[in-house]
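Some structures to go through are shown next.
One chain, subunit A, appears in both complexes that follow, with subunit B as partner in the first and subunit C in the second.
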Partner chain A sequence: MTKRREIGFTLIRGFLAILIALLVATLLIFISAEGDGIGEKMEAAGEALKQLLIGPLFRMGKNGTSFELKRLADVFAAMIPTIFTGLSVCVMFSANQFNLGSEGGSMLGAFVAGMIAVYVPMAAGIHPVVAVLAAGVAVAVVMLIPAVLKAKMGVSEMVNSLMLNYIIMYIIKYLMSTHLADKSKGQIQSFPFMETAKIGPIVDNSVFTGAKLTWGFVVALIAVVIVAVFMYRTRWGYSIRMIGINQSFSMYSGMKVGAVVVLSQVLGGFLAGVGGGIEMLGRYPTFSWSALPGYGWTGITIAILAGNNPLYVPLAAFFMAYLSKGCDLMATYAGVPAQLIDIIQGVIFLFFAAEQFMARYRQKLVVKTAQEELQRKNAQSLEEGGAVNV
Partner chain B sequence: MSNFVSMLLTPEFFFSILRISAPIIFATLAAIVVEKAGFCNIGIEGLMMFSALSGSLVSYYAGSWFWGLLAALVVGVLMSLIMGFFAFQMKTDIVLVGIAINMMGSGGTLFLCKVITNITEGRAMASTTGLITKDLCIPDITIPLVNKIPFVGQVLSGHNLLTYLAFLLCLLTSIMLYKTSLGLNIRAVGENPNAASSVGVSVLKIKYIAMGFSGLMSGFGGAFMSMAYAQGWSLDMVAGRGFIALAAQAMGNGECLGGMLSSLVFGFAQALGIKFSAIGLDSNLASPIPYAVTIIGLVIFAVSRNRKELKKRSSAALEKKASSQA
Partner chain C sequence: MPEEKLAGEGEYVVQMKGINKVYPNGVAANQNVDFFLKKGEIHALMGENGAGKSTLMKMLFGLEQPTSGEIIVNGERLNITSPAVAIEHEIGMVHQHFMLVPSLSVAENMVLGMVPKKSGIFIDKVRAIEITREYSEKYNLHVEPEARVADIPVGMKQKVEILKALVRGAKILILDEPTAVLTTQETVELFKEMKSLKEQGYTIVFISHKLNEIMEITDRLTILRGGRSMGVYNTKDVTKEQISRLMVGRDVILEIQKDKAKPSDVVLRVRDLEFTNSMNRKMLDNVSFDVRKGEILGIAGVEGNGQKELVDILFNFQRPNGGSAAVNGENILGVSQEKIREMGVSLVPEDRMIYGIASTASIEENLISDRCGAKRLNKGPVFNMGAIHSESDRLIEEFTVLCKSRRQQVGMLSGGNIQKVVVAREFSNNPALIIADQPTRGIDVGATEFIRKKLLELSRSGIAVLLISADLNEVMELSDSLIVMHNGHIAAYFEDTADLTDAEMGEYMLGLKHQSPEEIGRVCHD
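Then we have the complex of A and B:
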């Protein structure tokens, strides 16, 4: 197949998967819409859908629709942690390591960065940098557990990383409710972060500050480039991808499979931790999470949408953040529960990952390309006075 | 310390181990059968969530636990068949199908609960705990005669119907796998699908059956969670039991008896955690105990398996050497 057709096919296929998911969503919205009779329900569902699809860009009020920068900035800000978890999952899944620890990883990263922001005074410029790096390193060290167990003993990294998610959550909850809690407050939270540790908005105006669109966004984009270069332009990145494609072949061609298995998970942990740390210092004044944030699961969807290619991660993250914002708006203005996002996410995920989805169409395209090639060759050989292949 | 031990040696404690193990046993059976058919279903967690919700809702609306249980089973089987469709026919990686189901099982059940019942607790949460009363739960059963035996009677009698069923199903599943032609086919498909298909076994059909079976078991597990373990469904109530079951399956070496024993180990760990928090340990420190035990258990299992393998290989090498010398 020609490259142009390949890209066209991928786009059509992705578009259809999203369309199916939106159809399912529409059906669910219709069912959950308030109103008596089909007509009223239709109207309510239409309103809800409008909020879902164009709400993240436009404010719809009595005096018409108007573009709103604040909502778009919200969407961009929401991409910060999920770009990191998306990259983290990309690296781990590329090596065929189904480590699902990005979820706990981003919580642990947020916790470590938050604690450094509370207890370790430093100069303004380096404080957030040190805190975020420490967060990354802490999670990388924790990810050594499933990674080494997998590499040395063949224990399933999937089960171990899932168990670690729970363990991380409970231990953080324990520390937060006992030793590190700010007992003067009604809810469970840490003492406030030092001013020096906070990550500021890119532009200091009301829109960017309100949306918490911080420098973390720029860092996330830089991380995308670095990870892409690492995966496609370095020896280690090549080994990670090769082991994902064919582990035995990589082993017999002399790659250190165990080391790469560990490396991919440690790197994935580092990225998840950095993402959690940046999110915490950019968005919150104190640490107050009491449950897993869900960034890890979104990260998995993003990695699948991006086909494990780091360069497409921001696009996929934008898409997910846009949908999620749309669902939030729908919950606020149309009364449809925001958890609809989980169902949409699941359906898109299923169709995107389905190899046979539209395989027949793909087959047709391949045949068409081959026939065209044959025709061209025949025409060429006729010109030169040769025989014709039929 | 001795005080604590004497607290553990009560019939209530052993009773609670059996009760806590039951959903893990169901989930482990679900994991065992698909593993025998040659693949891994990590969506058990999500299947249990959906079954738990539908079970509690239907039992409320129908006014009877029986219909609730039936609904939980039907939903479990249907969802698992959908998973099978994506995995076998659409060629989605089965791990990814499982992740998708788990994703939907967490937030999606909350969405459905809110939409169907119109109940909201605060702004974000919802649950069906207010709807389910004691008579809508699956009943407990007192075994006559046995309940008169001191200690043992208190441990064994008075359990939920599904708790007994869990242990019974261990036996039945084992018989199904090793004494019936269906079981033989399932194992054959898992061992070597090409060989199975060459003797006329429909690999696809067997895989669907295995998947449906795991959905059925997840349905029992889900129903137990929302209609016996707790009264009513609440968000993320399955709390990783579907994942622990994957570990129990591995530790039990893929056999029903082993899986049951490792489920009991996890049940013990959790019951111990509950006791710890009863004597004043922070519940946030007690709650991760079963998860930590899972990791440790997997490691111990892997070490012993690797050692066995090494022994087997070295003894095979020795034999070879001996035979070549002779």
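Then we have the complex of A and C:
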């Protein structure tokens, strides 16, 4: 297919997918909407849909609908950790390494950065930098466990990294409830972070501060570019991708397969750790997580949506953050039950990610393009001819 | 010369009219193709790789659906939506890659999907064996019903496949490159069986690009080129040269002109190589030879006589049990592929889809896989994209890879063009030794000719070439000197291939004759 047709198709498909998903969502919302009679229900459903679709950007009040920067900033802020986990998963999946450790990785990164923010005094400028880098390195080192076991002994990295998530979580929980706990507080949490360690907002006004849209967002976008360059413009990124496509071919070509398998997972760990660290120092005053944050799982979704291409990660992350914000608002303002939110989110995602959706229409376009090309070719080679007889 | 159209459509058992097929990836595999089968004939379907032969037959067997066109079988217009429909209308297909369950017995494979039952529940193995025997005798296709498919030779597997189609009532048999996997003797036997089936009124479509076989066995032939039919001919009316011109669109020089080799220093020195595989079978036994600069040393032999193991060991996919191998005096056994390549060893692998390419990557990415760390392609930590683009464009041009651009996925190319990508990479990194393992297997005449010429040219420029090929023509024509492997041994060494005959080679290949150790020892140039 020609490039223009391909892009056109992708746009139409994305648009239709969202439309259908919204129809299904509308039906579900309508069924569960409060109110007597169809009229009232319709009204409630309309209100809910509005929240889902434009709520993340606009405030709907008595005085009509007005754009609210704070809400957009909220969406952007929510993208910070998931861009990092998305990149992390991209790198690992590109090498065909199904390492699911980004989840525990982001928690460990947050923990390490938090502890440095509590216990290691440093100057204001370098404190968060050191803390976040240390978080990345710590997770990278932990990822050596599944990576080296895979490279040396062929142990499944998927099982290992999945279990590792829980090991990380419980070790952190243990440390937080014993040696590192601020016992003066009612809940399990660390001592407060030093002011020097905190990551500040990009612009110091109430909107950005309130939304916690910190410099982390800028760092995340820079990371996207660096990872994209690494994957598509360096020999290591190239090796990672080739090994992901065909490991035998890569070995035969003389690449260091084992080393690259380890590299991809260590790098993935580093990115997840950095993401967790930035999130912790940008958003929280103390470390108080007692469960896995979910950023790693979202990162997997994002990487799949982005087709493992780092450049699409911010788009996918935005989509997920927008969807989740819209659903939150719907639950808060339109009284849609929380359980339904997950279903709606799922339906939208399902249609969007379904590859076979509209495959027939695509095939028609492919045939059309091929035939046009043939006609051109035939016109050229008419004089060549050939004995076509039966 | 084209055959006149005969009146009366009744004589055709299959009529495929105006068939078009466009695949989801945009490849137009068939364009307005007509294909007519007469009852009781052996009809060859010929063409280069990617000409659309398999696609056409897949549509007849219901594995693919035509984009447009009609298929008429026994006068009935059909919409063949699946192989089940094809089988119902007495069409059977024997695939190039066998569709058998290796862990089951021959009889169990025979009745798969139509299993005779005891009391409606249990598989009636006795009956299955009876059925197999019955058909085996009726069609004179000898198989062992109780043997496990994994244990029987290739030739017998093929008979099982043919019987499978016959048991299901096939009257029209499609054989997709059936001789590609067979030895000469097995091929002879297959042809006998095909003739006997023909006499019993069966219609056979024979897909092949081996000209000799076509001339020997078929009645008529249809030639495809670039997805279009180049016409139908009576086999007896056309010559090999005419056919090959119709297939590739120009005259192909089937005989290679070569001047005498002037071999100098030894590049690859192999001594006393021993290897026993995991099934405890001795695959290499005391193998010693030298390959010198400027010569092509061929290794001939029926497949499975140690050639694959030899290549695997030389490229460190496998560790030997004993012996030594060195390139320019430096050991290569147990050394990483990276080091082996640094020593200047290139390999055209036997299985190009598994080792040769990363199929969803671009042509460019496939061309640089062995040299991605080279200084000239990198600027500090990042790639020098300009240098990479110009290097791949140069290789695409030099090796005449037919493609839209260097960004095209390599897996979308035809077999011959994929092999050209592999060869372009392997021949262009300044090698001291090229190991070419079945370099032209399953690819079209044009690409074959190109690759052979290139190999010859490189050897004359002072590169040592080790050529392993099951294609007798290829090894005998291309090699300067030749060894024959049988059962893990070197059975013979011929210093000059000029006056060797097929028959003589055959005797060594099948182990009927064996040279003395002194004669074989001459391959070591100490």
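Convention: the second predicted complex is superposed on the first by the 333 of 390 C-alpha atoms of A that agree within 3 Å, B and C clash if a C-alpha of one lies under 4 Å from a C-alpha of the other, contacts with A are read in each partner's own complex, and residues count from 1 in each chain.
The rule we apply is simple: a contact is a pair of C-beta atoms (placed from the backbone, for glycine too) under 8 Å apart; a residue touches a chain by one contact, two chains touch by 3 or more.
Everything numeric in this text was worked out from a predicted model, so none of it was measured.
*Asks:* Taking the superposition on A as described, I'd like to know which of subunit B and subunit C A:184 touches: first, second, both or neither.
*Replies:* neither
*Asks:* Is A:160 touching the first partner subunit B, the second partner subunit C, both, or neither of them?
*Replies:* In the superposition, A:160 touches subunit B alone.
*Asks:* Check whether A:345 is in contact with subunit B, with subunit C, with both or with neither, and answer first, second, both or neither.
*Replies:* first
*Asks:* Per the contact definition in the header, classify A:369: touching subunit B only (first), subunit C only (second), both, or neither.
*Replies:* In the superposition, A:369 touches subunit C alone.
*Asks:* Tell me the contact category for A:254 with respect to subunit B and subunit C: first, second, both or neither.
*Replies:* After superposing on A, A:254 lies in contact with subunit C but is clear of subunit B.
*Asks:* Give one of first, second, both or neither to describe whether A:206 is in contact with subunit B, with subunit C, with both, or with none.
*Replies:* In the superposition, A:206 touches no partner, neither subunit B nor subunit C.
*Asks:* By the touch definition at the top of the document, which applies to A:246: first (subunit B), second (subunit C), both, or neither?
*Replies:* Touch status of A:246: second partner only.
*Asks:* Looking at subunit A, does subunit C or subunit B touch more of its residues?
*Replies:* Of subunit B and subunit C, B contacts more residues of subunit A.
*Asks:* On subunit A, which stretch or stretches are contacted by subunit B in one complex as well as by subunit C in the other?
*Replies:* Looking at subunit A, the two contact sets intersect at 359.
*Asks:* Within their complex, state which residues of subunit B touch subunit A.
*Replies:* Interface residues on the subunit B side: 42, 86, 89-93, 95-97, 99-101, 103-104, 106-108, 110-111, 114-115, 239-240, 243-244, 246-247, 250, 282, 284-285, 287-288, 291-292, 294-295, 298-299, 302-303, 306.
*Asks:* If we count contacts the way the header does, which residues on subunit A are in touch with subunit C in the complex?
*Replies:* 1, 229, 233-235, 238-239, 241-242, 245-246, 248-256, 359, 362-363, 366-367, 369-371, 373-374, 386-390
*Asks:* Help me check something: in the complex, which residues belonging to subunit A touch subunit B?
*Replies:* Residues 28, 31-32, 98, 100, 145, 149, 153-156, 158-160, 162-164, 166-167, 170-171, 173-174, 177-178, 297, 300-301, 304, 337, 339-343, 345-347, 349-350, 353-357, 359.
*Asks:* Over in the complex, which subunit C residues touch subunit A? Could you list them?
*Replies:* 2-3, 5, 22, 24-28, 31, 34, 36, 67, 225, 228-232, 246, 315, 317, 336-338, 340-342, 347, 349, 354-361, 365, 368-370, 372-373, 378, 381-383, 385
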